[in-house]
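One chain, subunit A, links the two complexes that follow: it is found with subunit B in the first and with subunit C in the second.
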Partner chain A sequence: MTAVTTIETSTVATSSRGPRGLLWTMLRVHRSALWFWVLLVAFGAGALLWAHGPAADAAWAEFRRMGCDSGQPVLGCDYIGTAYDRYDTFSTLGAGVLGLAPFLAAAWAGGALIGRELENGTAQLAWTQSVTPARWLAAKLAVPAALLATGTLTLTLLHRMMWSTDGQLRLAMGSRDWYEGTTFEANGTLATAYALLGLAVGVLAGLLQRRALPALGTAVVGLALLATSIGTLRPYLWPVETLTAKDGYPEYIGMVLGDGALTSTGARVSDPMCIDNAKCLAKHDIVGFYRDYHPSSHFWPLQLVETGIVLAVTGLAVLIAFRLVKRRTGAAV
Partner chain B sequence: MTGTAIEAAALSRTFGRRRKAALDACDFRLPAGSVCAVVGPNGAGKSTLLSLAAGLIRPTDGTLTVLGQAPAAVRERLAYVAQDKPLHPQLTVADTLRFGRELNPGRWDAKVAERIVDEGELEPDARIRTLSGGQRTRVALALALGKRPELLLLDEPMADLDPLARHQLMATLMADAAEHGTTVVMSSHVVAELDGSCDHLLLLGAGRVRLAGPLDDLLAAHRLVTGRADASLDSHTVIESRTTGRQLTALIRPEGPLDSGWQATAPTLEELVLAHLRAPQAPVLRLDDVREAAV
Partner chain C sequence: MTATLTAPAAPATRGPRGLVWALVQVHRMAFAFWAVALIGATAGLIWMYAIGDTAREGNVPCTTPARAGYPACASIETITVDDVYRSGIGLIATVLTYGVLLVAPWAGGALIGRELESGTARLAWTQSVSPARWLAAKLAVPAVLLATGTGVIVLLNDWARGDDAPDLVGDWYNADSFVGTGPTAVAYVLAGLALGALAGMLLGRALPAAGAGFAAALVLCGVLETFREHLWPTVTRSGVEPSAELPRSAWALRWTTEKGSPTDSVTFHPQSHFWPLQLVETGILLTIAATATLAAFWLLRRRTP
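On to the complex of A and B.
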């Protein structure tokens, strides 16, 4: 018996149009997740557009009806009206989708995208269907990354649109500052960067755990730890500005990092709490007060430095994931 | 001599922190074009061996060559059906076949795949999760054969099929393999399902090769003998012997002519395998002319 195998490549006439190869596979296998994401983005976009349009208009109308724009102090204006409440709810929902996306991405990537496939053997099925594990992993990362980025960038643009036109309203109501967690992320590149980090962390957790449920848990906990530690660094990613004043504290504006008293040598000391007691101030040699803060002009520097860090961590996770797959399966020659 | 489909040299694979050996320094050679049975008790290392050959895991030590290259380099030329027949449960049968087509550009033979599915009278719109174990096996085999492999690795392929479906699928498989000269490597602990279809045997026990070689040669090297309990078999290698009353039955490897007192018959595959499984201390017999590593 001869050992020569004839490879008859009777290529089938592939008539259907649309995505091919691994892309088709990704979209077909993860169709429900794809629909879920599309609906979630649509929901977030709807909430933001509603907040930007009808809800903001209603809040303004309410504001005027209560006479709060008269310049005179009106007692009722210290409370937030129901229309503004509704505006606030919608914008929170829209920004909330962006805040939730990284964790959803991590849970899904760890559990469904990678963990389950390694657990039930469908990953191995793909690897024995003429797809190298490296190409398989690349598709597992690239397709969701593109869809995640498209969704989060869309929501970010809508959030920015709402944010930039509704500034007066927020100012009038005295709610929401540019540096607050969800708002800060939703207004820049960070929401997208964290979503991609979630995907990468999820993929890595899936490869490490090789089972759906443990991978899901590891991914979410891992992302929470990473996001918290990077978030803690946030105020220190750009040099702060300092305001000083002789009598009492300077204005409280922007993202404040710290404040205290200044002595005649210019040394920073903790406030001895003299209030206006001149004797007490003299005794402690207090000649002024300082306050460290980030003005709103620091939004983009802070945003971009943090985005860079998040993307670097994402890249590291992706690199480890590829090395792991190659080491386990025998490097593709 | 024909070509080589799989060749292992000092192949080892350990698992876990305790480094338990699933395969321990295995040497063997499986000729191309053969239908090879990998037999052994549960935990003998059969699945590990097939996973290694499919390029899904890496050996801890030693080398494994598949179709003359590293397993990872010949993914396109081999097919593998894992023991639990993994398929995406949410896909339909038709989508599962398209999955094969999309992932094997230029190789996919839709006719073969569809024929195997059609023979099982499967609805193309049926989702995989609604199929019975046997139907899933059929779809998994369709995926494997559709890519026109030169080497087909099957891990316990017929375990969850009823006897009729098993017979039918085995016939399809063998006909396809014979037609295209496909090498088939099939693991099983059900020896009966291999009899009559395989021509090469690899018996594993506790991660080591116990028997390896063409089935006919292996069978010819053994004799099932019956004689008086006090007769001597000292000059032969006794694999296993049993005494019932005054009669002794033994599976031996004759090392010369047998005494006239013995009644000798050729053992069946099942008798050969069972005797070796019951006697783990029996010496290894390799008739697969492994080229010893000449350093």
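On to the complex of A and C.
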């Protein structure tokens, strides 16, 4: 009976000093990684805020000073000025943190979070203590996932803020479009989804390789392959819209997937390349031209479908990770 | 007496001796990866060279219908080889430019950090291998393999790029084209190896050293890419008509309109600055590599009695 009382006391003591047991250990062991992530998010946030405020103002001032807003053609406006260059650098750095985060998460999770602990036996030691392998793995996934998601969502919101107010500037300079890789991911839920995928792939690689450095390599390569293949599917995740025109091609807007010529039956054929020649067009039975594209209103549908796919793959990786731990330790999960 | 006579003879027969042999054995995965990468790149570049002429045919001005000596656009459009060529050359250029991002974490993590962490290094030092010779072998063997491999790929790359048509292979001053077409690419991997080794000596643990090596390489690439235009004096031409245009080969940096003057001034790097820019950047990188190597040896001497 006394023993039961002692256990209760120790539970009370643990809860009084802040985060408990497993969580506390994790934060202690990985405190440099935690600090690194906090600083990286702060750096990204600083860059995005700077781009949104002072850098954008300076770029506008330069634009007007060079007379590019006069409506007259000025050749100097063909070259991007130094202030706009700086604005571009800051926004690229901010979005770059979001682009890099999944790979950092994968490398860290494979190497430091799982691989190293299995290699030097810390994990096996923990499992002989009161921590079951399943709870050990759950803590390893949940805590970093929460921290990663908080950081990436913060940066995504800041990127959206910058994006929504700097549109005129981008239009004037003819840079970045909404559908370009990094921009597309940084403006929605995808940056967070890919960061979580990175974590899951890293954990899985760590469990498979059981050694720090090989797990790190496998995690990065595996994530690169997964992200590239999902990214290739991106334009096909939502029905496209089609513009048609009788003489010449319709306007080039949005994310264009393909274009060509239309015959009188409505069939799509490759352009015979004789747009000025009525006889040639008649010979090929060309009555118009089409262009398949995604308008900017498809941003959210495309974004959400891809997020769903990425999260499904993440869930699958987590499931396999739990099954692996269960099989290897033979413990009831 | 017999023992002294036979002992030195035995290792010589089985190929690379002692330290080098051990190094190749421990890092055989990395060496295999490097060999596969080199073979892949060589095969890819030979293929690019083979399709290069057809790709250039598909990348010429055309008219519809054919007139004044120009080919018909319809015949040009059917050539799709130029897309394959463009992406092949682009991939090689990216790998040559950013390969250093893999070399530095490998050197920090697997080459030095892991051995210091696990104690393999200290074990080696208690054998006949002095710490200085241990580090020298660790740096020399990968340095020779990396430098020769990268050098060969750069030469093959220049050969496969043909006449450097900017529409196909990018302008000479694009970050990728610039690094991958000269000695800078070799200097980058050497600097990455030295910085990674220094990170390994400093931190003495595999994963932190791999992270620090990656960060150092990332900063190195970013800083040099940003300041590349300042590595050689630019040419400024004033009194330029506002309607004038620079030739495609010029790396235009600034176009300034002067208030109250009918003419503009333009600052640029002509293509003849390619070699000065390459050599200055190579010099900077080799200096960084030498400094990091010296620092690593100095740290090793402080660490060991």
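Operating definition for what follows: the second predicted complex is superposed on the first by the 316 of 333 C-alpha atoms of A that agree within 3 Å, B and C clash if a C-alpha of one lies under 4 Å from a C-alpha of the other, contacts with A are read in each partner's own complex, and residues count from 1 in each chain.
By definition in this document, contacts are C-beta pairs under 8 Å (C-beta built on N, C-alpha and C of every residue); 3 or more make two chains touch, one makes a residue touch a chain.
No experiment lies behind these values; they were computed from the predicted model shown.
Chemist: Can A:Thr154 be said to touch subunit B (first), subunit C (second), both, or neither?
Modeler: In the superposition, A:Thr154 touches no partner, neither subunit B nor subunit C.
Chemist: Please name the chain, subunit B or subunit C, that touches the greater number of residues in subunit A.
Modeler: Of subunit B and subunit C, the partner in contact with more residues of subunit A is B.
Chemist: With the two complexes superposed on chain A, say which partner A:Met66 touches: subunit B (first), subunit C (second), both, or neither.
Modeler: In the superposed model, A:Met66 contacts subunit C only, not subunit B.
Chemist: Have a look at where A:Leu216 lands relative to subunit B and subunit C in the superposition and call it first, second, both or neither.
Modeler: second
Chemist: Does subunit B (first) or subunit C (second) touch A:Val131, or do both, or does neither?
Modeler: After superposition on chain A, A:Val131 lies in contact with subunit B alone.
Chemist: Taking the superposition as given, does A:Thr242 touch the first partner, subunit B, the second, subunit C, both, or neither?
Modeler: neither
Chemist: Contact-wise, after the overlay, does A:Thr92 reach subunit B, subunit C, both or neither (first, second, both, neither)?
Modeler: So A:Thr92 meets neither subunit B nor subunit C here.
Chemist: Does subunit B (first) or subunit C (second) touch A:Pro272, or do both, or does neither?
Modeler: Touch partner of A:Pro272: subunit C, not subunit B.
Chemist: Which partner does A:Gly111 contact after superposing on A: first (subunit B), second (subunit C), both, neither?
Modeler: In the superposition, A:Gly111 touches subunit C alone.
Chemist: First (subunit B), second (subunit C), both or neither: which does A:Thr122 touch?
Modeler: first
Chemist: With the touch criterion stated at the top, can you tell me which subunit A residues are shared between the subunit B interface and the subunit C interface?
Modeler: Of subunit A, residues 32 contact subunit B in one complex and subunit C in the other.
Chemist: Note which residues of subunit B are touching subunit A in the complex, please.
Modeler: Interface residues on subunit B, with respect to subunit A: 2-3, 5, 31-34, 51, 54-58, 69-73, 75-80, 82, 84, 86-88, 90-91, 95, 98-111, 143-144, 147-148, 150, 180-183.
Chemist: Tell me, which parts of subunit A touch subunit C in their complex?
Modeler: For this pair, the touching residues of subunit A are 32, 66-67, 74-76, 78-79, 82, 89, 107, 111-112, 116, 212-214, 216, 271-277.
Chemist: Quick one: which bits of subunit A touch subunit B in the complex? Just the residue numbers, please.
Modeler: The contact residues of subunit A facing subunit B are 1-12, 14, 20-22, 24-25, 28-29, 31-32, 120-122, 124-132, 327-333.
Chemist: Subunit A touches which residues of subunit C in the complex?
Modeler: Touching subunit A from subunit C are residues 29, 64-65, 72-74, 77, 109-110, 114, 206-208, 210-211, 226, 242-245, 252, 254-257, 264.
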